[in-house]
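What follows are several structures.
Heads up, the next two complexes both have subunit A, just with different partners, subunit B and then subunit C.
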Partner chain A sequence: MTRRIFHIANIALALAFWLFYGLECNGTMHGIEGDSLFLYTSQFAREMLGRNGGLANWLGAFITQFYYYPLLGSALVGLLLALLAEGVARFCKSDITLPLALLPSMVCAILLLDPKWTLALPVALCLCVWAAYAVCRIKVLWIKAGCAVGAAIFAWFKIIDCQFYTYAVAPVKTYYIILAATALICVICAIVPQLKMRWIPSIATVALTAVFVIIAPGKVDRLQEEIADYSHLVRVRDWDGILAKAAGNRLSSPLSTNAVNLALEMKGRLGEDMFNYYQSGTRSLVNFEERKLSSEILYLLGFVNEARHLAFEDMAGNPSRDRGVYHLTRLVNFNAVDSLRRPIAERYLNTLHKTLFYRHFEHEQLVCPQMEPNSDFFFNFGDFCQMLGFLYNQKPENERARDYFAAALLLEKRTSVFSSFFGESDYCPKSWKEALQITASINGGETAPELLEYVNSYNACYGKASGMGRYSRTYWYYFNFR
Partner chain B sequence: MKKILSYILPVLIICACGKGPVLETGTLPELVPDIAGVTVPRDIAPLNFKVAGAERVKVEITAGGCRIRVSGSFADIPVRRWHRLLSQADELELRVCARIGGKWYGYEPFGITVSDDAIDPYLLYRRIDPGYELYARMGIYQRELNSFKETVVFDNSKVSPGCMNCHSVQRCKPESFQLHLRGNKGGTYLRGGGLPDRVVDMKNDRTLGTVYPYWHPSGNYIAYSTNDIRQSFHNVPEKVLEVYDLASDIVVYDVRKDEITVLPLLADSTKLETFPVFSADGGTLYYCCSERADNFADVRYSLMAVGFNSDSCSLSGEPRVIWQAEGKSVSFPRPSYDGRWLMFTVSDFGNFSIWHPEADLWMMDLASGRARPLEELNSPDTESYHSWSSNSKWVVFSSRRIDGRFTRPYIAHIGEDGRFDKPFLLPFSSPEYETLMLQSYNIPEFCSGPVSIDKDLIYNTERKPITVR
Partner chain C sequence: MHNPEMKTRLLIPLICFCILVSCNPAGKVGTASKAPCIFPDYTEITVPYNIAPLNFKFEGASAMLLDIKGEHNYRFRSSGETMKFPLRRWKAMLAAEKGNTLTLTLQAKAEGKWVCYPEFKWEIRPEKIDSYISYRLIEPAYEVWNVLSINERNVETFDERILAANSLTGRSCMNCHTSNRAPVQTTFLHARSAGGATLYQRDGKIRKVNTATDSTAGAAVYGEISQDGRWGIFTTADIRNGLHSAALERFEVFDDSSDLILVDFENNTVTDSPLVKGPEFQETFPCWSADNRTVYFCRAEALKQPEQTRQMHYDIYSISFDPQTGELGDEMVKIFDAAARGKSVSHLKCSPDGRKLLFCASDYGTFPIWHIETDLWMLDLQTGEIDRMKETNGEFADSYHCWSTNGRWICFASKRDDRVYGRPYFAFVREDGTTTKAFVLPQRNPNFYLTTFKSFNIPELYDTPEPYDARDMRKFYFGTETEQMTYSR
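Presenting the complex of A and B:
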């Protein structure tokens, strides 16, 4: 009975993890998948397996590639966690110790909700537990002793010393405590004899499962998940998805605003709708600290060299020090813009074609060489507005550069400069009209007839606590109050 | 017998090409890498290759009465049989059939010349992602030239992702070796001068950080440039980035005393002096020098020479220009160890030629002072760093000719007349390995033996301070 309950709890936990991780953390999963690479070449296997902890790393990377489809990836991880619990349970002589068998997989599940922990952790635990179980099953003592020594040496070099954390400064103590605790649980399970406590193990199992289900969701970093989700939508060019996600939701981070502004631009609505969302200076357009997203923005604007630079730096700065498929796809796209750089794109493409999910990847054609600057200048991260001005001056036909340049001027509240560039423009979306009205009012010019009533109403409300909310989506409100 | 074989072999190879007819193209195959007509040393790993676009190749290599037949997706030549063949032949003939789109094509045979001039058994290089500012993975590696075996000398996997470079051996001898490390385990690893290996801290308040090294033939000194380096990023498709110096001087380091000597003549703050190298006899110091300019694109380096007195570690005479050209800039002078030649890189401006597609190799005959572009080595893309084998019969140089980005080492043989034979790409175990290698091969240097360094010195010892004279 208790063993059956244990199996039900184990399956329930795996299913809970599958659904929760696959549905609630799919942005994070896509991020992890993008930062990893698994090649179907002997060279890659040799290189990976040759390193310390290579087997755990290699298997971990193998499973991670399936994060491409989050529900598939989380199902495999759920299965791995269930296998781990089952492996530990195999040591249990007594039903009373069965609830303990769930602990290592629960701890792994909770740690995996933090994207810094890698799949090498549950893989290493699983391999070690099942290897220990297999050794214990050997009947002949000297063979058992030999296998134990061999397995221990192999496990130490090729499994335990794995890359369980993506950052160089890893919580090594925590890792070894988890390993030791799992070993201890196995030992306890193996030595505690059968006791007559029929219901206690069952109740403990159910209670543990319930505690896990309550605790686990709280371990997800919602802000990071939001950013990861927006980043993924940018990566797959799902502009409608971004706007649908943003509709009615507060954007918790400037990075989310970056993605929304980009989506608006790609749908041709930046000038019209950008002030429907909270804006805060030019960092609402791009944040260079976040290299992935900013490289996408620069690329789509036509700053291809700089986009490539940031994508490359992001790859080089990957905490795991490995290349990711995300970076390779970007480097293909960014290098394939013109014939000059296409052989470099081919090099990255050759690598992608050795993966499972990108073997048919081809470069996109969202940017053409005509959008790029034709007169050289050094990119200055400190003055994005000026860089946009350079690009717009060189390529006035680049509408994305035009809209972003206008948006940057508006966000920096440089309305007179804005007027000098766009005062005579035939294209004049809502925010532009509002900005031009501000210049007109400062310079004593005339208000556009279609805005007259609106301006009078705004002026009547100005400074009063009530009523201004109606105008929070105007450039005037941004200009005066942000 | 040979004559009979020469008739029979083409028939055999055509028969070996499989079922169905073989279409004779009458042309050379499109080889990847291009090995047709190259000259190789006897102790070189097999030149494995593929035919572009081919699903399968069949190759027959003949020399005298011996032959090797291989087939597969690429020509994977057995190492032992290849060496046996090379040990007996001066000329190899290769016949190739390739299956492309289900049809077999036969090509004109081509040759590979085998030179009796020996080559140093190791190649030392840095492998680095061809990037910009961050260095996730890089390391110094050595490759056995007669096989595909590559070993790590030192990589940054156990230290913070800092830069490491400017590894240098004295005249291809691993007994004198230096390596700069940056980041939290920064310092200069030094072997030589009759002292135990140590890691020294070259930083001091009188000079900028030491960068480009070159050993004196005596092994007692290393000339360094000290550079304040900056990089900026271009925004037009044809350019990537610019690396330039705001200031640079030249100093000489006494390896026996761990002491830097500042050379006032080469520490002129109105000039940029860099890339110091000693002549084969050690009596001359060659370097590159430019006037400072407000615009980096106006900085053009001339090739200079000045006498060097190794007894007193001082300069003698006045620096003189030995080569300059209108609108051109010189970098990486490298004299051959036999004292006959001086090879250097010429680009349109600046000194960081690896990012200049127009950069080419030139060579000066030191006896006549005449220089010429090395058309037999240059390509439309970048050729940059280069170094000589210990017997000055081979040169290895960096080139970006494959795709314009990933630097690969090419090796070429020089004849008595100073003309180079067609260069060949460092042999890789498979063309796929080269294709999937997303790192550049940087600063290739021949080495007569394996280099090993004491990593514990890097990880766990205090950096030894130096004195400045």
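Presenting the complex of A and C:
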């Protein structure tokens, strides 16, 4: 009976993880998948397996590639966790210890909600537990001893010493505590004899499962998930998806605003709708600390050299991460803009074609060489507005550069400079009109007739506690209150 | 036939026969009018007799047959698209054909048909190339790096080992592994960041020295060590960088200031000369003449940077040096006016016979690897004539060159294949000083260059393997006391 309840609980946990991880954390899963690379080549396998912890890393990378489809990826991880719990349960002589068998997989599940932990962790645990179980099943003592020594040496070099964390400073202590605790659980399970406590193990199993289901969702970093989700939508160029997600939702991070502004621009609505969302200076347009998203923005604006710079440095500069498919796809796109860079794009493309889900990847054509600066200047990451000005001056036909330059001037509240550039423009969306009205009012000029009633109403409300809310989506409100 | 042993006996010869048949053209063989497009491009090249097998790939081939005609005839087969020569047969072939020109005929099977390609030639030179090459393997990023290592490769085989790895030295940057190629070899490399210094090796003994003093602009950067291992001539520079925006440019590295320093490794002193320091001019990339009595270096008027980086044109100067007194001369001579040709020079390397100076020529500035137009040029120090080395240079940046010990080979990093990733190329220097078509360092798997994400940086030839490896280097890096140099007037 208890074993049956254990199996049901194990399956329920796997299913819960599958659905929760696959549906609630799909942005994060796409991010992890983008940072990983699994090639179907013998050279890749040799290289991976040759390193310390290679087997766990290789299998971890193999499963991670399926995060491309989050529900498929999370199903495989759920299966892996169930396999781990089943492996530990095999050591149980007594039903009383069965609930303990769920603990390692529960801990792994909770840790995996933090994207810095890799799948090498559950893979390593699973391999070790099942290897130990297999060794225990050997009947002949000297063969058992020999296999135990061999397996321990192999496990130490090729499994345990794996890359379980993708960050410069890994929590090594935590990792070894998890390993030791799992080993201890296996030992306890193996030595505790059968006791007559019919209902206690079943109740404990159910209680443990319930506690896990309650605790786990709280471990998800919602802000990180929001950013990851927007980043993924930018990556797949789903501009409508970004705007649909942003509609009616508060943007919690400037990075989310970056994605929304980019989507607005790609739909030709930046000047019209950008102040429908919370804006805060030019960091609402781009944040260079986040290299992936900013490289996308720079690329789509026509700053292809700078985009390549950020994408390449993001790939090469992380001390604990190998190159991932996301970087490779970006570098293909960024290098394929002009014919002279094609050989290097081909190089990355050849690598992508050895993966499972990118074997038919081809570069996109969202940017043409005519959008790039033709006269050289050194890019200053500290003054994005000026850089946009340089680009717009050189390429006035680059509409994205024009809109971003205008947006940067508005966000920096440089309305007089804005007017000097765009005062005579035929194209004049809502936020531009509002900005031009501000300049006009400062300089004593005339207000556009279509804005007259609106301006008077705004001026009547200005400074009063009530009523201003209806103007929160205007440039005037941003200009005066943000 | 029910005897399994009998079955095996019959099966093995049958399989061998099938393999042989599949690797041999049977029936009609077509002919191609163009040379085979093999990777790496090993057609019409000049190679030393002690080079490792020139394994290559012919994309799309399911089988290959290579006939080589020299004093003897040789035949190599492959059952796929890569031709890998067995090391022992390869060595025997080159030893037997030393000084000869080999004619190669490649037949390849693709889509079920055998095609015979026009023959090409390999000239096997009896002049040896140095047995070892070191290079830094690094992702060709702009400012940041992840994992880098300085490796030593035996050019006669495919054996490679790591001399220094930043994963063992706190992720610090390491660069400029350089040899003086003297009978008693002296080498150095710089390890940066905390705990870093110049690691100086002579006769198996390694020292860790800090060349930065209060009276000089900083630690040693680019430079060379004299044949006797005592003197080092180096640049000290305040190095900055900037990112280009125009379509075909990439990155710019420039010096806000740069001077030369002379390091005495015997007495642990650093000195300089008013002629090669000061804010009016920038001096960099010094090298010794073959007799170590002259220092060649690059010099340009110091302009405001980055605003005037494009106007920075470095010329070549020389200044005498007295090894007895350790003093630089009182006069310097301009020996090549690069600015007059609209060029800027860098990375000077004097030939072992003292007759030639090999350097990089770019359109401007002082960091040639980021300049796609960079070519190697050779200056005849006796006649002043320039050889633009058209046969050797590639389409994109050729730089970081060095000479072999006997002066008959040069090695350099070239980005000719894809503009971004540098690969070590070799070229032969003929009697008349001209150079041949370059060929890339062979790899066991010819696909290696197409799949690696590492760039080969600063290839350096030498004949004696380094006496240390990465673990020793780690001990020196963390466990050895740094010797502090003092400034001497």
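Before moving on, here are some points about what is shown:
Definition applied: the second predicted complex is superposed on the first by the 480 of 482 C-alpha atoms of A that agree within 3 Å, B and C clash if a C-alpha of one lies under 4 Å from a C-alpha of the other, contacts with A are read in each partner's own complex, and residues count from 1 in each chain.
By definition in this document, a contact is a pair of C-beta atoms (placed from the backbone, for glycine too) under 8 Å apart; a residue touches a chain by one contact, two chains touch by 3 or more.
Here the structure is a predicted model, which is why all the values come from computation and not from measurement.
Superposition model on subunit A: subunit B and subunit C are shown in a clashing arrangement. In the superposition on chain A, A:Arg347 makes contact with both subunit B and subunit C. Legend: residue contacts after superposition of the two complexes on their common chain; A:Gly22 is shown touching neither subunit B nor subunit C. Once chain A of one complex is fitted onto chain A of the other, the partner contacts of A:Gly34 are absent, as it touches neither subunit B nor subunit C.
On subunit A, the surface touched by subunit B in one complex and the surface touched by subunit C in the other have residues 41, 43, 303-306, 309, 312-313, 315-318, 321, 323, 338, 340-341, 343-344, 346-347, 350-351, 369, 372-379 in common. Subunit B contributes residues 129, 131-137, 157, 160-161, 232-242, 402-406, 432-433, 435-436, 438 to its touches with subunit A in the complex. Contacts from subunit C toward subunit A in the complex involve residues 139-147, 171, 242-252, 306, 417-421, 445, 447, 450-451, 453. Within the complex formed with subunit C, the residues of subunit A that make contact are 41, 43, 303-306, 309, 312-313, 315-319, 321, 323, 338, 340-341, 343-344, 346-347, 350-351, 369, 372-379, 387, 390-391.
Those residues of subunit A that touch subunit B in the complex are listed here as 39, 41, 43, 168, 303-306, 309, 312-313, 315-318, 321-323, 337-338, 340-341, 343-344, 346-348, 350-351, 354, 369, 372-379.
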